[in-house]
Structures are given as structure tokens and as C-alpha cells.
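Below are structures written as C-alpha cells.
Both complexes below contain chain A, partnered by chain B and then by chain C.
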Partner chain A sequence: MSIDINCIAVIGKQNNPLYIKNYSSSHPDLKYHYIAHTAIDVIEERVLNNPKLTDAYLGLLYAMEDLAVYGFMTNTRVKIILVIAVTDNVVKDADIKAIFTKVHSAYVSHVCNPFHNLDQDFVASKRFSNAVDHIGQQNSRATIDV
Partner chain B sequence: MSFLSPTTSSIFGGSGNEDGTSATGHGGMLVNESCLDFLMMELVDAMCRTAIDEDTDREVIFYKLEMLGYRVGQSLVERFTVDRPRFTDTLDVVKFICKDLWVIMFKKQVDNLKTNHRGVYVLQDNNFRWFMRMSTDIGGTDSSSKATPYLWFPCGVIRGALANLGVSSVVMAETSNLPQCTFQIKIAKS
Partner chain C sequence: MHPHSALSPLSSQSPLHPDGIMTTQWYEKHLNVYPSVVVGFYDLWDWSMEAGTPQRPKREVGPLAGQALADPVERERDAAMAHGINEKRKYFHERGVKYAAVIILNPRHIDDPAIEDRLAALRKLSGLDSKNSLFVLPVSTQTDANEFINNLFRSLYEPAQVYYSNHVKRVRKKLARLPSPSVAIRQVTPQTADGPQPLSVPGWLVRYEYKLGVFQEFRQDIQGSLKSYDAAYNMLLNMLQPSTGDGSLKPRSKRWKEACILADCMNIKICRFFLFQDNASMALAQLNKHLHAFQLFSNEWHMGERSFEYWSWLSKQYRVFAEQIDIATRHGFKLPVPLPVQSSVGSPPLGSSPFLGSSGYANQAEGGSNPGELLQHAGFYFHLAAMCSAERRRRYMEMEKWKDSEAKTDDLIYRSAMAALPEEEQVDHSALTIELLTKGYEQFKKHRNTRMTLYLAAEIAGTYYEAGKFEMALKFFERIGKTYRKESWHTVLTSILRWSLRCAKELGMTTSVVGYLVELLCDNLPMSQDKRSELQNDLQSTLTHGSLTDDDNQEPLIVRMDDINSFLTCHVQFEKSSGFVNQPIHFQISLSTNKSSPPQPIVFRSLRIIFNNERWNQVYVNDEGDNDDKDYSYYDCTNSEYDSTEKRWNANAGLQFRHGQSKVFEGTVTLDHSENLKMETVMLELNSSGRQVFLCFDIANRIQDTRSAGRRKWHNVESPKPTFLQGRGEISAADISQQPSKLTITNKHYAPALVDEHYPFFITLTNEESTPVDAVIRVEIKATETQDLGDKLKLAPTDDDASATSILDIDVGQIEGNGSKEQILYIIGRTTPLTRLLNISVRYKPSSSNQEPYFEKHEMVKIHYNKAFEVKFHSHEQHTEYKDAATFPPSLEEKERLLVIAAVRCTSPWNLQVVSMEMEQDQQPSHGYIQVQAMPKARGEDVKEWKKDQVFNSNHLFELTTRDRTAPKTAADFGALVITWRRVSNIHEEMPLCQTSIPFPPFSFSSTEIRVHRGKSMGFSN
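For the complex of A and B:
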């Protein structure tokens, strides 16, 4: 897979940040906070304007400079945002979807933990962050090898 | 309650690996249905037993059981809506409760769904699974009043499921004639 993941962000149903992690060294963390924040607006607009759009995967939200932002929204209004570096390689939708599915299933496992507090602002679970970091690092490393 | 298929069994994420790639699908554990039946019985009974005075503490017992159910309902929909297309409106969500959630929990669908199209939904189940083996000597109102506490947990499950799908509501349940029961969902105006 030749996707260079720069950042994975999970945003709760009240648009509260649940998890955000920077996997790149090219931009500061703040940049991704800003991108994730902007992405919420794009997601909301897209979902409101297309009531028939029932797929969780929302596709490319927008591209900014050398970054492409992809979005995913679950039935429970939890948003997952993926920021990847634009390279010359063709990015396949199926690959992006696979990454979202992985992050989503990590989130579901996390939520189903009976000791997890649903009203908690930020995901502090070690298992969840390990799972997401694994996805993020695995994919950003793949490009370095190529 | 029956979480018999492997995918449904790990609702509490119990069998995940350390690296976080939790077993959603393969490698899930199976739970004996009787165990869950006993757990449900004991859950309600323990709440009633630990109450100081069962009549005045009814509210407290209701609140505790309802909140337990609420939590379970939220987790359940999180897991079981993973592969579903997004819901378009409230009716869609209620239909999901009647069909999918009911099958997951009770292995059957709701028998009758009524609505006034103004935010009230009435779900009627003629053979509520948890009441199938319940009866009292006197029968009638006595058995239905004794069975009522057993409806508070499922009330919470429904409310939790709806809440997590973005519909805030009030759920009340009643039973008049034992294996049958009705749940009334009042959607809060947004």
C-alpha cells in the first residue's frame, strides 16, 4: 500500500475531538487540529445536502496544499478523518476505506469496553491508541520503504 | 437474551488482543443462553433485594436498571451498525430497533409497531422472550406487576440504542398479560 498517512483524527458525535495523532514530521500538530476542525464543516455540509448518501465513507473532503483529507462518518455520528500526503501514486478508494474500517473497528472495541466512560472527552485507552498508531505508522512507513 | 453468534458475543470487547486488533468476528466467544437468562433474573432481583424498602425505592431501582440498560444499548448499536448504511430518519432508526436489535436480543422481531407520526412509537411484542417462562399462582395483574421490574432494563437498552443513533427519547414499558408486553417510545422534540 502506498498511502502516506500524516494524521488520523477521531471526532465524537458532538464534534468533540476524541483522538488526534500526527504521524508526519512535515507539519506541526496544530496544523492537523486545524484541518480536522475544517473537515467537520465539510462533512456536515455533505451529509445535509445529500440525504441519500448513506455510505459511511464520504470520500475526499478537500485537498489543501500537499495534503488530502478523507472523511468517514459512522451511524452513531462519530467522524474519522484521515489526512494523507499527496504523492504521485494513485490513491485507491478501497485502500482508504480499508484504513477507515480498521480505525472504526478499533473504536467500536474501545466503546464496548464496560469500563470506558462514554462522556469522557478524550480517548485515553492505551489499547485504542496502540491500535490506531499501528495503522498510522504501518502506512507511513510503507512509503519510506518504497 | 441470546448473543449466540460469534460476532455478537464479544459485545463487551472482552476477547481483544493486546495490540488492539480486537476479535470482531473470528475468535469471538460463545455465551450460553441460560447464563444470560440467569444473569437477567439475578440483576433485577439483586436490585430489588438491596433496596431498603421496595415500594419507596422503586424509582431508585428503576433508575439503576435503566441506566445499566442505557449503557448496554449504546454499546450494542455501536457494534451492530458497523456495516449498515446510515439511517435517514427517525422511523428508520425505530425500524432498526424493531427488526435488527430485537433479533439480536430476543431472536425474534417486534410483532407490531404503531406510530402517531408525531413522535410516539408503540412496540408490541406478543411473546416477549424474557417472559416466556414467567408465571405466578394468582396470575393476571399480580404477575404483570411482578414482571414490571424486568422491563426496566430493556427500556434502558432501547433508550440507549436510540440515543446513540441521535434520537433522544423517553421509553416506558408495560405488560398486562404475561408473555405480551408493549414499549412506548416518546421522541423528545429537538
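For the complex of A and C:
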């Protein structure tokens, strides 16, 4: 089943955007910035209300219009947000989680760079954006089989 | 057979005649008009109700009372009432409605023994059995009445249900008589006559199913009602379907409109019932089904997504749905939270089945869900409604444009929209959208989605802008901009700023316009270079040609750069955090532009550095000739000159900035008094005509975390590479104080000091400055051990000890420049030759200063002490005399003479002038039995000057007398040897004499007394 990735966003622990990339043509970038910002609340609420949550993957955060927003939070409170287009299909958590894991590992390998400033924008890093864009573009077309 | 009801499509006067399915009147009738139970309230008759009649006759009470208990008048009245009740009962019974009566008693009835009989008679006559039909309301309090009402309600609940059950049964019978829908559809197809056809079978089916739904709902059978509504709804959808429908519902006809509304209503009913049943996913599924169905139909009806009608309708559906969810959640409905399944193993569960795929939320256990099937809180649906409403407005505007254009079209959408246009023109679209957004805003606020509320606020602001309400729009933009700025959401902020800019321009708010333009110049805000260039031109023209010039307000316009994203960064640094009066203190202001902004060079008129004391304010004016285009430039402004008219320090510097450039301005301030100098603000004055415009960096209120801040930098003339100063961050304040004047303390004394002497101690203060200073000395003496030895300090070498203290303050007065002053003081160390500590502290200030002395210098001096003399006493028994022991009573008196030789050794390293050495007898003899008497002594020649280690003997003859020689022999003190002396030295001439007193050892009769006695007897014998 295909997952149509519209946007991948990485948000720093101070809720500042680190990386936001739009992979769709259906909405302007601004929309995804708003959506990513809005998702912070839902993530915070979900983490607060579910202290037993041990997984970094937080599930579907909310659906707005024709977009579904999924969330993921690392141990260091860095949030990763995935926006996909709502189709009439069931989206498997495992698929979404797999995408998050990939983005997370791209993030980890990026921050392992000792010269990197953790709270700075990631746009400057070619390697990181290549890695994430690869995930975003691949999934916006291709099919994932689990 | 019943005649058809007035609302039936079969009755010619019915609004539904001949082909209507349902009218609101019918629902209205059953909801509000037709009762399921009727209750009549009756007052039980009493004599008091009869006006003007006497008290009713006293009732006989007793065994003989019997039948006569009932008053004939009462009986008559009661019978009449019972008759009335019975009539009513019969009337309602015929209509299948339960009739109940409530008999209200008055206080008089309470004690009436006949009351029971009267009520029993009433029951019998009225035909109402007591259990659930006739109630007696005794005189009661409020709570009793409430209880009664509840009781009444409980008792009548069942008959009411029965009433509706009967209706259900009746309708079911009618429904059963209809042919099955599949047959019916086939039957209806031939349309023959031109006139309106009677209601089709599916129509009747919808009608009866709907009625069933309503009656079951009234009967509180939600499950049954849901089933019937669902059936009616599905059937109605079939009828409405443009291609497969029976064609009886022509689009835009009256019946079609009715049917659409009925479908909408049933949809909401069904959603609502699913919510009652806690079935969130089905509620949402129903809504989606309804929306999808009508979306399809609308296209066929030529009122699809291009028409405002469609969006108006969709907005309404979402809105009503949102309201249902809001009501449900307020009554305890819990929204599902789509938490992922927490699997202990990382892999997806093995049992996931592809067949459960489409059931949405329910199959979440398999680790997935359809995000489109998640029921969310009302805020989301209000937001959707608002979005639809906004779309409706856009479509409407389109139509309006079309209407005015010449190009006429045969487009069906156009034609059908034009028909609805006059009505649409009455609608305030923006107000509607804002209302919906506000409702959504409140929901999100309730669910603590504060950031979502910001998003909605942005939408609200945008809607206000579209509606031309710029002031409101700006208010919202201003409010939300802060959070996005704080959390560095630059893309969002850029959008908000550009909207704000438009609003501010519309409103002619120049101050805000300049502020937004300046912030938009910052690199952080993503934008194409052309766009930014445009904004910079915009800023320039606003400053020079804009309303700024004709603004009456002459107050300078300040843009606070620390509160916004700035295209300039400003760092300040004092070279040192402290400095001295009359010495220049250096500071640097370093200004850097963003990497790619400003797109074109920007020239500032002046750079102003504002201090907490305006006397030191610096103004560096742009040097027109300076066209330095290097990446790094250094400007030496240390030679700024004071302009007494403007009261500021002026210098020139290059103030043209292009992107990616940094400039450092070094200046100095020389204070003429001590002060905590603080740099308050750094201001850059933009080139403007009319009002002054400053970009202002609020240095004083910057909060810096010194731990995370970089090391302090100091820039050089040539190289952009700074050198590092000690410390981190920025130092924007310097403590300027008086430089301590140079003053030295020297002391002179001739150690060791001798116990008891006036030991002169010289302190010399030498002023090494050219200006005079005033000084005060404080001297304190302490023995090395803590005990107080009674040491004293004094200024004058006199015998008068009144002014002597252990702490001495000496006002030295003024010491001329390069001069010195000597101060002498005298130390008297008592008792023991312990080493003394002398603490000297000098407080001083330049004579020119009016403040308290504020410099202090300390010195500590150790003074070794010696004893002046050491004395050894040798006593020699000389002569013993007894009174005649033969006398009777025998005289026990005894006398003894002692020669005491005091060998006084001079232990002072200094020569001493000894004036006298005398005995001093104690005033009180220390012992009662022994008297000591000094015998006259030949005066020897006094030796004036004693040298160290010289020993001088002083012989003293004492006579000890005791009256009772048998008394115990004890020692007796006599007194001391007092030596009066002074040190020999040229400075000591004026010294007062010191006295050292050395106590004689205690005298006693010689211990050889026994031997002496024996000797005496021997003597006798001799």
C-alpha cells in the first residue's frame, strides 16, 4: 500500500523548526509549517497524558482536511512529524514507524557530527537534507511492502 | 378506515399533496402538540370555596355518625367532578391517549375523616383506577411537590411509551401494506400524466420509516429508531440519486428541497445516535457517507464544487456535526485517541489480517488505522466548516464577477447559481467564516491546542483582511506573531509579517509599516532576493516620501531590534569592566549585516551610543566620503569631540552597510568622576525626511547567558580576526572609580621596647601624588595573646593617662603633594615582655574630593618587649632579739633583723637613666603577727646611667617583729622596690620618667629558729 508523504518536519527541543520539507504540490510550504507547528501541541499532550508510552512513535496526531499528521519524539525531545495525504486506506503503524526510523537515523548521524550546533537549522547540511529528501521523495511515489 | 390526516399527501388540503414525503409540521405536531399522556388537575371541592356561605355544618363524629359522614353537598359536587373527569378520560381514551387526574387537597381536608371515602367515590365514578391514573396531591412543601412530580413522571412514563408503541405498530401495519421497494421502483417508472404524480411507493416507504424513527425516538428506543432512520435515509438517498432515482424529485423543485433537508436532518439524527452509543467511527462514517453521496449528486444537479451553494451546504453539514460532537463531549463522550499499539517486540503483530482493512479505527489493534476515519474534536469540524465557508465566499465572488462581465454563458452551473445569487448577496460571508473559526478556536483552546488556536487566529485574521477589516486583522496578526517569532518559525512569521504589512499600509500606520519592513529585511525570513530588494525599496520610499514626512508627530520613530528578527547584529564591548577617573576607557560597537541582506547597501545617518549618563553620549555621523566596501572595517572614533550645544561627543565614521559586512567602531569615554557607566542603547538613525527613525538595540536589557556566550572579543584595526579578552559574553557597563592615590606608610621605632616605658613610635605618611591628600590613621595595639594586658596608646608623652586608649585615631590632616608627614605616638606596654602587634590603618582621599575617605592601607608592626630590670633578692639574717623569757608571764615578743640585698640588673639593651630606687611600703601590713619595718639606710651615691647587664645592689635592712613567737610562722609582704627611670637617648630627653616596681619577696622569721633556740640554750650553756 502506498503512503503519500507530503511533508517531513524535524522540530528541535525548544520547538523551533530544524527542517521542514514539502514533498507535495497540493499545498504551499506555509501550510506545512503551520501543520508542523500545530502538531507540537498534540505531541506534548499525548506524551503528558500517556506516561506509559515507551515508544518514540506516537501514532496519528490529527487529521486536518485531507492531511494526516503523525508524530515521533526522540529521547532528547526532538520531534519528527510526518504529513501524509489521507486516502481511503488503512495506514499501518508499522509503515509509518519505518519512515520515522529512517528519518531518525538520518538525524542521529547528522548530530553525530561534532561540529554541528544542535539547535541550529539543518537546512545547511546537505547530507541530512539529501537523506531526508530521499525518504520523502521515495515514499511519495513508491510503495512499501511490509 | 381512518380519514387521512390533514398532513397526509392524500389530503388535498395538505401541504404535501399530492407527492410530498414529509413536512416539518408533522414533526412539530408530534413533538409539541400531540400529547402521549394528559394530566388534569382538580381541586377537591370544599365549603370554603363557596363565597358568602356559612361554615359548613359540623360533621358528626362518633359511632353513630355512620353514613351521615358524607356531606350531601360535597357528594353532589364530587359526583359532578367525577363526571367531568370521566368525560375527559373517555375522550382521550378514544384517541389512545392516557388520561390521568391529580386531585389537589387543601389544608382543611387533611383532618377530614370523610376524605378517604370521598376519594374512593371519586375513583369509582371517574372510571380511573387508583394505581396510575388518579393521584392525590396533599398540601405540601416544595420538596414534596418535586417528589410528587417525579413520581408522577415515573408512573406515566410507561403509558407514554405505550402511546408511541401503538403509533409504531400502526405505522408498521401501514408499511407492511406497501409493496417492497424493489417492486415499487419498477411500478412507478411509467410517467403518464403531465400533472404532479402522487407520492411514489419509495416515497411512502421513506415517509413511514421516518415516522417509525420518530416514534421510536420518542419512545426512547434509540436502537430501533436508528434502524428506521437509517432505512429511511438510505431509501431517500436512492430517490435523490439523479441517475437511478425515480425522477419524482426534480432538482430545485419544492419537493427536492424538502427531500434534501430531510436527508440532512436524518443524517444528523443518525450521527447523533451513534454518538449516544459511543460509536465514534460509525458517526463519522455516516457523515462521510452523507457528504460523499451529496457531493456526487451535486455535480449532477449543477451545483457541484464550483458553486457557492455546494460550499454553503457543506459548511452547514460540518458545522452541525461539530455542534453534535461538542454536545456529546460535554455530556461525557470520550473521543478516541489513536495511540499506536505498544508492542513489546518491534515487529508488527503476526495476526494482522488484510480482511479487517477497511473497518477503520476498529482495527487499530492490528497496528493501523485510516486517518480519514478518525473522529476528532469539534474544533476540527468547525475549522472545516469555516474553510468551506471561505470557499463559498470565493465561489460567490467568482459568480459576482461573472454576472457583471459581458460574456454570457450557457453553463448550467452559472445559470443555476444566478438564480440563487440574490439570496447569496444578503449573506455576510466573512462574518460567517469568522464565527466558525472562532467556534473552532474556542474548541481548540478547550482542548489546550494553543498552537492550533494560533493557526485559527491566523485564518481569522486573513478573513478579516479579506473583509476589509484591517484593524481587526492586524490585531490578530500582532497577537500570534510573537509565538512564531519566539519559536523561530520563520516561514510562518514571514507570512504573518507580510499580511501585517498590508494591513498597516491600508491603515496608514507608518510606525508599524517601518517596523514590519525592517524585520522583513532579516535573512532568517525566507524570501527571494528580488522580493527582499522590493521590500527594501519600499522601506526607502516610506522613509523619504511616505506619510512620515507629513506626520505631525515629531517624536522619533523607534524600531526595537532586539524584539524582532534583525538584519543587523550589534555587539558591544568595554575593554575592561572597570576603569579610573580621568583615564579613557575604551569600548567597541561591532555591527554586522546578514549574509545576504540588505540586498542593496543601506546608509545610516548616524550611530548613537547612549549611556546612562547623557553627558557621555556619542554620535558618530556618517562620513559621506567613506565608501569602504571591505568585509571588515574598523573605525577609530576615540577622538570624538564634545559639542557643548548638543551636549554630546561627535565623530565621523562610515555608516554604509551592504550585506555580509561587519564594521567595528571604537570609542573612548573619559569620566571626570567615579560612576557606574552603562551603555543603554545603540541606535542607528535611518535616512528619512521628516521624522527621525532609529533602529534601536537595547543593550542594557539584554539577557545573556555567560556560560553559553562566546569569549569576549576585541577587534583590531586591520584584521577581522579578533583577539580574546578575559571573560565571556558582552560587557556593556564599566565601573569607573577614582584611582587610589599613591601613599606610603613607613614607621620608625627603637626596638625592643621596654615594659612600662613610653615607647615612641613614628609613622611617616609619604604622599607620592602631586596633589594633596587628607589622611586619618587608626592605630590599634594587641598583645599576641588574646588577653588584655592594659596596654595603652597616647599621643603625648605625659603622665596623664586620661587620653590613653588601646585604639587611637589620629587625624593627620592634609599632606601636600609629594610631601610627607610624620606622626609620633607613644606605646605603653604593661606587665609582661610579650610581643605586641600594632595595626596601623590609614584612610585617605585626595583633598579635592568631598567624599568620605575611601582608600585604605593597612600595615602591621610587631614590637618586641624587654623588661628593663631583673632583680634578685638575697636576705641575710642579722640579729635576733628576744625579750626576757623569764618574766612572767613570759614575753613572747621576738625581733629579727634581715639584710636584704636587691641585686638589680639592667636588662635593657639601652642605657637607662635611673633617677631613684626606693622602697615603697605597702599601706596595709599583710600579716597581723609580724611587723616589718625598714631600717634607715645610708644613702649611697645614685648612679645616673645604667648600662646593660650592669648590676646594682641595693641593701635594705628590715626588722621583723612578732608579739607571739609561738604563733605559726608565716611570711609577710613588705612592699616593693620602685625604680624610677627613663631610657637614655636623644629623643627620650622629654620622656616622662617611668616607674618599675619590683615587689620584695615575702619576709619571714628565719627558718632556723629551732636551731637558734638550741643554739641559745647552748649559748646559755656556753
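Here is the rule we go by: the second predicted complex is superposed on the first by the 137 of 146 C-alpha atoms of A that agree within 3 Å, B and C clash if a C-alpha of one lies under 4 Å from a C-alpha of the other, contacts with A are read in each partner's own complex, and residues count from 1 in each chain.
We take it that a residue touches a chain if its C-beta (ideal position, glycine included) is under 8 Å from a C-beta of that chain, and two chains touch if they have at least 3 such contacts.
As the structure is a prediction and not an experimental result, all values here were calculated from the model.
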item: Clash or fit (per the criteria above) of chain B with chain C on chain A; value: fit
item: Dominant toucher of chain A (residue count), chain B or chain C; value: C
item: Which of chain B and chain C A:54 touches, first, second, both or neither; value: both
item: Geometry of the superposed three-chain model: angle at chain A (Cα centres of chain B and chain C, steps of 10 degrees); value: 70
item: Chain B versus chain C as contact partner of A:106, first or second or both or neither; value: first
item: Touching partner for A:13 - first (chain B), second (chain C), both, neither; value: first
item: Partner chain in contact with A:74 - chain B first, chain C second, else both or neither; value: first
item: Closest Cα approach, chain C to chain B, once both complexes are overlaid on chain A (Å); value: 10
item: Shared chain A contacts, counted only where both chain B and chain C touch the same residue; value: 52-55
item: For the chain C and chain A complex, residues of the former touching the latter; value: 337-342, 347-348, 352, 357-358, 360, 363, 366-372, 374, 376, 380, 383-384, 387, 447-452, 454-455, 458, 484, 487-492, 495
item: Chain B to chain A touching residues, read off their complex; value: 10-13, 16, 18-22, 24, 71, 74-75, 77-79, 81-82, 84-88, 164-166
item: Chain C-touching residues of chain A, taken from the complex the two chains share; value: 14-17, 20, 29-30, 33-34, 37-38, 40-42, 45-46, 49-50, 52-55, 57-60, 62-65, 68, 84, 86-95, 97, 146
item: Residues of chain A that touch chain B when the two form their complex; value: 13, 47, 51-56, 73-77, 104-106, 108-114, 118, 127-128, 130-132, 134
